[in-house]
Amino acid sequence: MSQVHLDSELPVKKVHIRKNIRLTKFKDDCKRFIRTQKIGLVSILFIFLVVLVAILAPMIAPFDPVDQNREAFLAAPNAQHVMGTDDLGRDVFSRIVYGSRISLLVGFATVIISIIIGILIGMVSGYFGGIVDMVIQRIMDAIMAIPALILALFIAALLGPAIQNVIIALVIIEIPRFARIVRGEMMRIRETNFVEASRSVGANALRIIMRHGLPNMMAPIIVMASLAFGQTIIAEASLSFLGIGTPPPNPSWGLMLSNASRYMESAPWLVIFPGLALSLLVLAFNLLGDALRDFLDPKLSS
Amino acid sequence: SEDNGGNSSESQPSNDEEGSSEPKHGGTFTMATPADPDTLDPHRQSSIYTHQMAGFVYNKLVTYETGPDVEYTDYNVVPDLAESWDISEDGTVYTFHLREAYWHDKEPVNGRQVVAEDVISTMERIINLPGHQAALLSEVESMEALDDKTVVFTLKQPFAPFLNFMANHFMWILPKEAIDGEIDLSTDAIGTGPFVLEEWEDNVQATYSRNPNFFEEGKPYLDELIYKVVPDQGARIAAFRTGQSDAIGGISPEELNTLTKSNPDTIVKEVLFATQEQVFVNMEREPFDDLNVRKAISMAIDRQSMVDSIYGGGEVSGPVNPSLGKWALPLEEREQLQPYDPEGAKALLAEAGFPNGFDTTLMVTDGYGEQLVRVAQWIAEDLRNVGINAEIEVVEYATYFSEKWPNVDYDIGVGYQTYFQEPDEWLRTQMHSEGTRNWFNISDPELDVMLDEQRMIIDEDERREMVYDIQRYVLENVVNPIPVSTYYVQSPQQPYVKNWEPHSSYGYIHMKDVWLDR
Amino acid sequence: MRTVFQTRTGTVEAVNGISFSISKGETVAIVGESGSGKSVSALSILRLLESSGRVSSGKVLFNDLNLTEMKDEEIRKIRGKDIAMIFQDPMTCLDPVYTIGNQIIETIKIHEDLSKKEYLERAVELLRLVGLPDAENRIHSYPHQLSGGQRQRVMIAIALACRPNLIIADEPTTALDVTVQAQIMELLKELQSKLGTAIFLVTHDLGVVAEMADRVVVVYAGQVVEQSSVIDLFEKPEHPYTEALMKSIPRIETDRTKRLQTIKGNVPSLKELPSGCRFHPRCPFATEKCRSEEPPLFNVGENRISKCWLLDPESKVEMTLPSATVEKVDENIYYDLNDQSEDKELLLDVKEIKKHFPITKGVLSRTVGHVRAVDGVSFDIYQGETLGLVGESGCGKSTVGRLVTGLIDSTDGQVSFDGKELTSLNRQAMKKMRKRMQFVFQDPYSSLNPRMTVLDIIGEPLEVHGFAKGADKYERVGELLEIVGLSKNDIQKFPHEFSGGQRQRIGIARALATEPDLLICDEAVSALDVSVQAQILNLLKDLQLKMGLSYLFISHDLNVVKYISDRIAVMYLGEIVEVTDSETLFQEALHPYSKALISAVPVPDPTAEPERIILKGEVPSPSNPPTGCKFHTRCPMAMEICKHKKPLLKEHSSGHTVSCHLYGEE
Amino acid sequence: MAEYIIRRLIYGVIVLFIMVTFIFVVMRAVPGDVVTLQLADSGASEEQIEALEAELGLDKSIPAQLGDWIVGAVQGDLGMSLWSGQPVTEVITERLPVTLQLAIMSIILAILIGIPIGVISAVKHNTFIDHFLRITSVGGLSIPNFWLGLILLTVLALVLNWIPPLGYQSFLENPIVNFQQMILPAICLAITLSASIVRMTRSAVLEVLHSEFIRTVRSKGAKERVVIYKHALRNSLVSVITLIGLQVGYLLGGTVVLESIFSLPGLGSLIFETVSSRDYPVVQAAVLIFGAMFLLVNLIVDVMYGWVDPRIRNS
């Protein structure tokens, strides 16, 4: 055997190598994405911009989003208030800037929590199958059978207006969707040859789920997450529009639209700017989802 | 239904001169309302929508005067089903003489005459049903029908608000068949009122026709009355603009502004809202047990600017709502006792040991619509200016009304009070240590005595002085709930709507006088 | 003709200068390994390429009409009427939502105007012509209601609908079982002689070429390397690639003790084509010139061309091909013939195992029947021995493999490994046992997790069984890679960076990681190109020699099984019908099914006139197998007794067992 | 197939049961209840409160209430509104047609818009038209339908001085008015759905166009139109139908907001109104009906699979 010249440093070095490999693969993927998915790239940049705006909101927004300028109620866009002011004299631009925080917060929190729970449920359901699967699936079906916004309405209206309640409602909606994908993928992966190969060398369930299941279902999950992000942002806005979402004085875009609907004619800027911000962000996530789908589709990539 | 949709030229009639002041009969009056009742049963529901509809169909024993010369806030009790009434010397026996009136011609009542027994059964029903309305008759010891046309109420003790209570919107008189269960009161209404309920399509519209046997000769003038449910404010305004609706409820100054631009003939009625926003504080929680803190809160609020910018006009309110006219403190006094003085507020806070203010939460519900939420935001900003950092907590209505507020589970809150129509209600239910709506932990023995005393004084002027004194005392020594403002409701009407003289009590009792000039 | 594809990564030239001609009534075959451009050529003729592909230059002349320059409308009129196509996979080539009748009639409708009734009659007639029983009723069936062979008949019927002059058949039999393949080849030949249609046959199977073709075009990496009549080609291939191709295929007569000849390396990717002669990196005769200059097509006899510098009449290079080897190094390795000598230890003993998959149906998922995938199979494998398991698709071969390793639980029966009964073992012991039996899978693409590096893939069994971790694992994986002929440097690569043959080596390395005694190879070489297949077969043999491994070698390819196995078990419908050593089986098979199977294998020798036993019908469904002898429905020698009495597997002569009433005592 | 449908129905019932239980329990677990809501300010006595509880049937344990409710529901009795005392079935039958009509109209609209555009996009794939249609359809997916509704309403009112006639009228009463009332919200809903139909049709047709049997059809000499509409589209329909089935959930959800903007007395606004008044039986029934609608649509979708795809029909 030839492992005589094995030195003790090797593991460290090796881990390093492996990281590098993954990193280069990741870098390659990024390059390929940039090359092939121009629209996706623009979407990412836009989302990135919004994230930046959200993080740097205090530096970007000229005013405190809840600060009431009692001299300027419903002021039309002007030099001081570039997007005008609302019915309490608050600066619309600042509110939109801060509002990005809420949309992103609700989006991220919902998507991440529901992915985690969805993965747990979906894995159990998909890997073990049988009666466990049967029971879980029926519960998921029951949740899915209630139209999403109706369920959100029901839960949010019961719990009262608060960001965390919106998130709870949306998480309940999204869980079955992720669970279903994960379950489907797990069932598909469970039948693949490489899992059979892994089982034939004696790997146990945990190993199969973690080493084979998860990494191979990331693609559809990422795509789904991106699209769910858009859906979630719209759902939050819809709930806030109905007055059961994010409570005032938080500058949620949906809430801004809800308050603005009565000023459609007298102060259209109150309707146009938040609506535009909302649509653009959702558009970016949807386009990103599409681009990711194209990018990750093995049929399309060589 | 009438076909007047989409005809825009109609909203700008070329001659709007009052051609005739002689009322014309006929026509359909269409009104757009944001919501309709859950139930039509007027004793089980305190919602304004139920009582508006009840007002078309039912009558009370006595009611309030309306008309061109009567102020919106004048509470003049006038005959309704009772032609006249006598009060005994000691003020404990009230005898009502019923007029000749007939029930609507619908099954199972079929237009029979109103008898004293109807009144007695109705009153028993009011007392026996759970709910706020029972309290209105709590001082009644016994009732008796002397004959078909005479009803006698005997009170436990002299009780000044009694007649006013009898004019209260809960006191709609039903036929005894309804009380016996022969009529489904939740979906149907058979009364003596000016209009007959033809059809109620839940959440779509209610249609009423003229009652030909109404006891006031020649009234009502309208042939038909349609109440359309249009939840969206914008849609209501649009409906008005396009002539699909003859009247819509109150709209904001901005909305009015744009509306009068496109429909310059629009008549705008401005009336005082029948209730007020008030800030209430939980006196069992620190630091709100401190009078100075409560006073500071009161002084921090810029009431007049608030009501002007959010509601487009209104006035500083008092412990008794100004819509109760003579019972409320005069405006100057209200303003003087509740000055806007942020510096003073800061000083008071410092005195109370909070030179740098404190953090708290301000509870509000969105169940009353978004204007109140705006008020809450305004007040929060005002409080912030004096150092009180109040985070707004928006609570869902059912939780608010059945858990948070009654259980006094909050720091500060802002809300509307029910539309009380008696100073006794405004004061006693809220501020007596045993008041049914004392959800603020107020317990002031001195105040309790005054509140008990006031309701025994039969002489109106004397009683008013006492009510004023109580209000002054409250504004000086209790400062809870803190009255904020009462706003002017501006509601547009089409130019051809005549004789629209509403009253601040519930029930649209003026509709019998309305006529259309077109 | 040149055909290019516009792809995301640039333009790919799939076909580069392919020329050939077909005369009336002639069959021209185009052969080559996967990806060499056969299908693209075929599709280019009728301009049926996907929108990304187009014929960039060259001409396709059909009766003097240039198809490449025709308007779309004109070529549409030729499609189906003058030139028809048959595609490889009958499963996916018919529209699943229309009846077969509808699809046949559609063709006729496009080109001829007839009445409704005439259409129907024509369709029925066509179905009869292609030998579909009960045509009148079958015409209303949907494709999914037919078996693979029947569908291929329907495809042929569609192609014949308008009596075309030329049929382009792209791998018409590849997806079919050998016995069905034999049927379809017979049919095509028969129809051709009847109708005089010319056939352009695309295939990778030299056996099929020898049987069917008059002339052959050999393609490599998008270029024709040789063209010749079939007799000449098989007699003496001129191009080194053709030669190597022929030698690397195991045939029934191939000597089992010798290594197969292989072509080194892999078929190049179209994106990185070698300079000069495209075959030079794999060619044993490659010279400097081959590297830099592309050879022209040399005429080397009547109607015969070859694209190799060796054949340049101007060069003085000795053009005799050493008939001996392409890869010389290991020429002198000989494998032992595994006698069934007594001293061999019994390793695996399978007794009467059964696997019935329940078929559930109805509201409550009641079990209404069973797929008798494996229905009482017994066999044994001795230390160091290779047992081949052959049979047609769906007969239960893979299921046997899975049962043996315990990947699925058996319904009944026993599996003993090294003397221990597997079902009696607890989990711990089972895990220990499992590492001594390893699996090599058919599809080298799907059996490797695309998101793991080679290190992790091969390292997985090491970790699972606690053999090695961290640095040890790294080292050991490196060794394993070298054992299977890969480089240590590949350790951090991902599967997609390897070719099919290399992936299969990785799969084998993974199987070897736990130092097993028995490898179960389920179609381990079926998905590989012939040149690579030979490499893997050699590797397996080498490993056996070195490590004393035993193999259960599952395959439907009789040639391969014959080459690699010491003994062969023939399976039919979940049962073993005959077991004997491989030589005996091919010389004196006893069971009628074995005989038919062997005779159905196309022989890559155009001069041979094999006596073929064409079986009727198709393999019955394992959920509803025939009574008695399961084979009696197709057996040419079926007797009355076969219908109700099931024959038992009996030893006919030493080491030769068979289950057939022909050899029973009664 | 029949057996399959029966099984689906049984699943459906199980799913509805779980759903009802979920709603039932959640609603009663959160703060606020009808009785206190009705009596909070009245100073009502304990007995009066208990009496009202008993009258409304709220004095029993939750499982018992659930049991009663289910027993009633099976017999078609969904209980009474806790506020109006009106039978819930009546309330629902008043409201259901509105939502149903809205949903059906928008599905039809969405199909009429979505499928042709999707096919065009697929056939012209990777051309300018395709890119344009794709981006537009993603755009359609990204615009919140309530925003669209608001803008449509305002623009029409300002520019044409036209608003949908007030006071909902059913199709049977007055089809013209009904159409005027329904068309705008239906368009708002349809835009989102048609956007996803475009995407799905496009990718499904593209995929089918790459399949082998399309090559067979082409090799027969079939016209491109036949290839696309007879073969490619028909084979893509399964995925498009599946999508519609799944998207119906979003569609039904969207009805809530649009019903409120367009003043339509549908089921969505009913839930909105009754959740906050804690009118349990009405909310339960309304959510149940929504769930049942969703399941029904998906059952129809399953049946349609059989119609579209004989492989499913025969299994």
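To keep things simple, chains are lettered A, B, C and D as they appear, and every chain counts its residues starting from 1.
As a working rule, a residue touches a chain if its C-beta (ideal position, glycine included) is under 8 Å from a C-beta of that chain, and two chains touch if they have at least 3 such contacts.
All values derive from a computational prediction rather than experimental measurement.
J.: Name the chain pair with more contacting C-beta pairs, choosing from A-D and C-D.
T.: It is A-D, judged by the count of C-beta pairs in contact.
J.: Which chain's centre, taken as the mean of its Cα atoms, is farthest from the centre of chain D?
T.: Here the answer is chain C, farthest from chain D.
J.: Once you find the CA centre of chain A and the CA centre of chain D, what distance in Å lies between them?
T.: Here the centre of chain D sits 24 Å away from the centre of chain A.
J.: Any idea how many Å lie between the Cα centroids of chain C and chain D?
T.: The mean C-alpha positions of chain C and chain D differ by 51 Å.
J.: I'd like the Å distance between the centres of chain A and chain B, where a centre is the mean of that chain's Cα atoms.
T.: 47
J.: Just how far, in Å, is the C-alpha centre of chain C from the one of chain B?
T.: Averaging C-alpha atoms per chain gives centres 89 Å apart.
J.: Can you list the residues of chain A that touch 2 or more other chains?
T.: 157-159, 261, 264-265
J.: Residues of chain D touching 2+ other chains?
T.: Where chain D meets two or more other chains at a single residue, that happens at 30, 150, 153-154, 260-261, 276.
J.: What residues in chain C touch two or more of the other chains?
T.: Nothing qualifies.
J.: Which part of chain D faces chain B closely enough to touch in the complex?
T.: 30-33, 36-44, 48-49, 51-52, 81, 83-86, 91, 94-95, 150, 153-154, 157, 161-163, 165-168, 177, 260-263, 265, 269-270, 273, 276-279
J.: Help me check something: in the complex, which residues belonging to chain D touch chain A?
T.: Residue positions touching the partner: 11, 14-16, 18-19, 22-23, 26-27, 30, 134-135, 138-139, 141-144, 146-147, 150-151, 153-154, 158, 199, 248-254, 256-257, 260-261, 268, 271-272, 275-276, 283, 287, 290-291, 294-295.
J.: Looking at the complex, which residues from chain D come into contact with chain C?
T.: Residues of chain D touching chain C: 3, 6-7, 10, 210-213, 215-223, 226, 231, 234-235, 308-311, 314.
J.: Under the stated contact criterion, what part of chain A meets chain B in this complex?
T.: Answer in residue numbers: 66-68, 70, 73-74, 87-89, 157-162, 243-244, 247-249, 258-259, 261-267.
J.: Please give the residue numbers of chain C that touch chain A in the complex, ascending.
T.: Counting only chain C, the residues touching chain A are 7-9, 405, 407, 431, 434-435, 438-439, 441-443, 446-453, 455-456, 460-461, 464-465, 470-472, 474-475, 479, 492, 494, 507, 510-511, 513-514.
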